[in-house]
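Every chain is named by a letter (A, B, C, D and E) in the order it is written, and numbering of its residues begins at 1.
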Amino acid sequence: ETTVTIATVNNGDMIRMQGLADDFTAQHPDIKLEWVTLEENVLRQRVTQDIASKGGQFDVMTIGTYEVPIWAKNNWLVSLNDMPSEWDADDILPAIRGGLTVDGNLYAAPFYGESSMVMYRTDLMEKAGLEMPDAPTWEFIKEAAAGMTDKDSEVYGICLRGKAGWGENMAFLTAMSNSFGAKWFDENWTAQFDSEAWKTTLTFYMDLMTNYGPPGASTNGFNENLSLFQQGKCGMWIDATVAASFVTNPNDSTVADKVGFALAPDNGLGKRGNWLWAWTLAVPAGSDATDEAKTFIEWATSKSYTELVASKEGWANVPPGTRTSLYENQNYLDAAPFAEMTLNSINAADPTNPSVDPVPYTGVQFVAIPEFAGIGTQVGQEFSAALAGQQSVDEALAKAQALTTDEMEAAGY
Amino acid sequence: MATQHSRSAARIMMAPAVILLLGWMLVPLTMTLLFSFKKYLPLRGGDLGWVGFDNYIRFVSSSAFWPSVQATLVIVGGVLAITVIFGVLLALLLDQPMWGQGIVRILVIAPFFVMPTVSALVWKNMFMDPVNGLFAHLWKAFGAEPISWLSEASMQSIILIVSWQWLPFATLILLTAIQSLDSEQLEAAEMDGASPLARFGYIILPHLGRAITVVVLIQTIFLLSIFAEIFVTTGGSFGTRTLTFLIFQRVLESQNVGLGSAGGVYAIILANIVAAFLMRIVGKNLDA
Amino acid sequence: MGRITLDKVTKSFGATEVIPPLDLTIEDGEFTVFVGPSGCGKSTLLRLIAGLEDVTSGQIRIDGQDATMTPPAKRGLAMVFQSYALYPHMSVRKNIAFPMKMAGIDEAEQNRRIESAAKALNLTDYLERKPGQLSGGQRQRVAIGRAIVREPAAFLFDEPLSNLDAALRVGMRMEISELHKKLATTMIYVTHDQVEAMTMADKIVVLRSGHIEQVGSPLELYHSPRNLFVAGFIGSPKMNFIEGSEAAKYDAHTVGIRPEHIAISDSGGAWSGVVGVSEHLGSDTFFHIHDTGLAETITVRADGEVGFRHGDRVSLTPRTDVMHRFDAQGLRITA
Amino acid sequence: MARSVTQQRKAINTVAAWAVGLLIFFPILWTILTSFKTEAQAINDPPLFFFFDWTLENYAVVQERSDYMRFLWNSIAIAGGSTVLGIIIAIPAAWSMAFVPSKRTKDILLWMLSTKMLPAVGVLYPIYLIFIRLGMLDSRTGLIIVLMLCNLPIIVWMLYTYFKEIPGEILEAARMDGAGLKEEILYVLTPMAIPGIASTLLLNIILAWNEAFWTLNLTAAKAAPLTAFIASYSSPEGLFYAKLSAASTMAIAPILILGWFSQKQLVRGLTFGAVK
Amino acid sequence: MGRITLDKVTKSFGATEVIPPLDLTIEDGEFTVFVGPSGCGKSTLLRLIAGLEDVTSGQIRIDGQDATMTPPAKRGLAMVFQSYALYPHMSVRKNIAFPMKMAGIDEAEQNRRIESAAKALNLTDYLERKPGQLSGGQRQRVAIGRAIVREPAAFLFDEPLSNLDAALRVGMRMEISELHKKLATTMIYVTHDQVEAMTMADKIVVLRSGHIEQVGSPLELYHSPRNLFVAGFIGSPKMNFIEGSEAAKYDAHTVGIRPEHIAISDSGGAWSGVVGVSEHLGSDTFFHIHDTGLAETITVRADGEVGFRHGDRVSLTPRTDVMHRFDAQGLRITA
């Protein structure tokens, strides 16, 4: 009997997979699964620590599209090119697959994928006398936010991430800045927070949030905004496409039947403010159960897993955003009204060409270099502090510029 | 007690503890020192060679350094002040005759048993959340705008959470100290015409001196390294990045082990400055 | 200026009555000693007078004024505690100054009184030390110093010498006696050591279970103990008690004879016995005589030069003129 | 002061103390209450105190999601093991310091304590590398050793203060009676110090139980204690106050109960000889 | 079976020499008491003999054999500590059994010895109790019991009675004396109470600052103290010392006269003075006489019935035949 230790993030889809793992062990009685479920930040820190020092504690790691290319370059991941043909690698959405492929080798299997989009309250839009286009501009978003805000009854026009973290507010702001023509670095890896575009981005964001956002937005992340939206306190929410299934789930959401979807806004510069992300499963190079790990990944990211979830929990709850076949499945399209918008959003993201100008890095809402997580979080903290009213936009940008320059220098760019 | 035989026995019996702790201190410390002079980036291939004092210079010259030292001292100082002052008051209250003293003591001691992670989670979500937190409900009930505790009053919030966890400790030590006060001394002061306030100021408070030193010493040791409370609540934003947290960011988030190690060395220096300061006071007080 | 009257005072802790109704008057300037076995209520009585405990019923008057409800600080009494209760963090000077500081006496006057108390108590060299750096006797004196400077109407002492070693105890008890002679202030002194009681008191109050067994001068108690309890308690070595037929000869249920009132000789005495342990103090010798047929042992005090040995058969002659007679209830027969 | 306190004053004290006590305890009480609510009731405005539909569902969900017993057992093994091991090592050391003191005793004691001031994050990397080398990652043994070392200074100090209260004469008596060093410690010192050892044990179990840095960073699945258990409940997707509360309650309940039952010993232990 | 010899033994703690070179022989079966003021090194000496401290130099022989390096357990001595040092977690029986258990004596023999010790010490009813449930005197006896069962070559006692109250102390000191009579084992007994020393010892060793001032039987020390220190230390109340012209009359630098050797009367004596404090014990009265021109106070012991009062002018008659004469170095003049 071989033990496969799996590090996972504590989100709904992963927890569900844990619950369904009996199906796997029934098929593979010689493989024992050990789960290590951790909160996202803790997980990232744990697996990074482990892989960087070759601890070998895990056989399967749940990592994001940010880590995959970096780790793969260090030869820390086992290539998944030899997955069996039934698994059908070609079925994976090209945008997602591209982000997980380095030098022609696939290094991770996507468990679910997401982009971001606008979720809005149809009833409130109607009340405000507006109509949401499929591809709104930022200006329209602002107008709509103004129209929907009713602070006395605790309805806020727009909810956006404010909580510091490279995967929290910086994911949103980086994606947003792309649509404003801003970028992290120019082609010489010089930090760009002193650019006009960043100033416009951040000023616009601050303007939206202070006037139409909920109180305490500077500590709101995905979870907080989700619950605000579910409780009917947000007019619009621009966030991950996976949220769509939560906000439309009548068990959890008080506004399930009043939600509309639109593409992330743009500014007419050719880029939309949406991101691209996937939680993937990968096998670290140090694992002593590589084959069994692959067997597990095959099961967890297969089409049949999707069907298994559908049969147990309904089609709306299957992990989205990874396979073309899913978006061709009528059952799914019927059950998930947001499916089409999700697919369009994913397809609209371009990790290799994220911003208006050319940049030396890949990644839409992140910069795929090892230093980014650290820098991103610190910059996020400055922006978050600005949102909390503790410093001005200029101050925040100046500090961001300084610390980014500093860190990049330390890393030897 | 002090025959040759027992002295050599003492040395042997002390050896395991001393050697283990010496190892526990020296081995990682040496490695940390070693790393701190290197460019050590695990995500870029690990050990990239010696860099002299670069890491040290970079660590202090970073704009985050001094604020983090300040944050550390403010949190430690704030928590110490709150726990000692309220600890004394609470101890005085609990020392009074009352019904159900045992149960009250159980209630007061309880926070000490709560894991820092749990306490941070509970406070953050269920009390300080600006929308669903109990404080928000309370504020709204009084018609006030709910405060976004962790961003608008981040330091105060963290100090509050940490103080809540350590107040029982301070209270209990101080209560035991008050109860150990020779009642004849208080009676003597009463005979001497001292009012209750004078008795507190002239007799009880000086008597508590030793206990307060111990509270301060032990708490400082633990407070200098608080981590979970910050990690869970603010993640180091809004000026709550302590030195420990800054090192955490360098080592684990940025995966810059060299830089983080240099930070670790600074933290050790800071801890030792604080410690030397405390030890001087406590050392005197210990065998008195 | 220091007459203390207890009028039907009782004290109960919860349901147990520690002091049954008790009347007692302590005259101004008198040195009164409360003696009695451990737990008999001596401290409780003193604390009632001090105001550190509330009486359950009855009245305490100080100089004729009802003080039953007066708080301790206002009664004008000073107390010296068994543990001295010095303030450990204050210097000797500050300790002594404390009651004056509390009373708001001005600095100059404070210093004057401190100096004079320190001089009287031989503490001048120690004024800047902390109590922890003093010997037992010195601490004792600081506690007295702190009491003196208040110029109280009366001093209350609760076993102030019981923490000192034998030699020091003798010295300190003389010092307190001399202090009393000098100040002529009322003093109430609690002890369970009858030697202290005998040597120091103007008046001894013998307590048992909260009852007063006898009140009188030391020699009154020595010569005319009112009952067996007092007779046994006062005097060292203890009075010999003889019951049975020998006692009947004197028309008593029990007769008591003190060791110093029995003569020892080779032969010719009324009683006879065998020498057990003999204790030679140089000045005196105590013989413990067995096999007398009267009591288990008869203790005899002889002067230093008498030389009987373990096992010798000796003859004893009691002085019948100072023999004490008690009835079956243990009460003294006076007639 | 044994003067009878008026009932009125006692009543005021009682009310004040209970008010403060409940205030301090409230966060825990609230967590426990919330763990019995449904998610919707948990965030109800106005908050619900006692009058809601009590449900055990959250506990069922938490248990289904993670095998609580395994985490619990790891916590018990690690906290207990490190404490017992620490005490076994600390007793001889504390004996030496208390009964054969030298000029350096106090320095050694303070030095030991100062090792606790090393910031753990600063040495995580070295320790992690050492653990990999020794193959002790994700093993209870490894954690037991690390936590033992973390708490050893505290254990030594506590035992030292207890031992100092034991009159040296008793140990000398044992020596006169023919006891060797082993017998002296085993038959005389240890039984006499049982209350002190018990409170040392308790305090260190609590410290080890709540230790969240090493337990999280050096374990994965096999040796993960309750601190890791709770780490999988912080900020999940969506607002799960009730489930968070249930998990929190499960994480703290064992130690809370242990602490309450033994608070007398603990209070004594907590004083570190600060008060006799 | 219990002859202890100290040969040029010294002991230093760090730089301070607590015991300068000291020779002493304790004969088998002898009851030897070490007395001296606090801090003079009595305990240290006893602990050197016990082996609880190492000698700095010199040799300790027990029954002729060098025991200087022998660990305490192997010396065959038993010690009774001031605090009794009972094992609080063991019953009385276990306490007493402990040394036998350590020596590996078999159960049956252990029980036999325990029973007989318990009977001798009146402890039979208490064997199952813990020390905490016993009175001071009973604890004392358990400590002795624990010492007895080892059948040691000698017993060492370090102030075993100083924690007891006065009445108990008298009783226990008799018990220990009787035990010594019965066992006839060597006993070394440390005290700073000269009454204990006088009443119990076969031989008293008077120590001062680690030096032996005099060794002798109690009455030898009482009658012929070798120097001023011993003269002042032995006897209670203390000997009166007179210097100056009055001493010169007797060809001495200082003369000493014990309180019991001075007669007090209205007139007609050699000296005169004024009565200060007088201590009435009933059996005796101690007068402290001032203004004699001889010394600050002269203490006089009179029997109980003499009734002088504070301030009376009295006349004193010393018994010159028992007067002690000392030279300028404080040494006794024997001729």
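In this text, a contact is a pair of C-beta atoms (placed from the backbone, for glycine too) under 8 Å apart; a residue touches a chain by one contact, two chains touch by 3 or more.
Please read all numbers here as calculations on a predicted model, not as lab measurements.
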item	value
Lowest number of touching-chain links that must be crossed from chain A to chain C	2
Co-neighbours of chain E and chain A - touch as defined	B, D
Most widely separated chain from chain C, with each centre as the mean of CA atoms	A
Turn needed to bring chain C onto chain E - CA fit, degrees, nearest 5	175
Of A-D and A-B, pair with higher C-beta contact tally	A-B
Chain B and chain C, separation of their C-alpha mean positions in angstrom	55
Chain centre separation (chain D, chain E; CA means) in Å	53
Chain centre separation in whole Å, for chain E relative to chain C (CA means)	26
Residue numbers of chain C (touch at least two other chains)	52
Multi-partner residues of chain B (at least 2 other chains)	1-2, 132, 187, 190, 252
Chain A residues counted as touching two or more neighbouring chains	49, 53, 224, 227, 231
Residues of chain E touching chain B in the complex	51-54, 71
Parts of chain D lying in touch with chain A, wherever the complex brings them together	39, 43, 64-66, 124-125, 128-129, 131-132, 137-138, 216-217, 220-222, 224, 228, 231-239
Residue ranges of chain E touching chain D (in the complex, touch as defined)	50, 52, 71-74, 77-79, 81-83, 85-90, 98-99, 102-103, 146, 150
Sites on chain D touched by chain E in the complex	167, 169-170, 172-180, 183, 187-188, 191-192, 194
Chain B-touching residues of chain A, taken from the complex the two chains share	41, 45, 48-49, 52-53, 70, 74, 163-165, 214-219, 224, 227-228, 231, 233, 370-371, 373-375, 377-378, 380-381, 384-385, 387-390, 399, 402-403, 406-407, 410-412
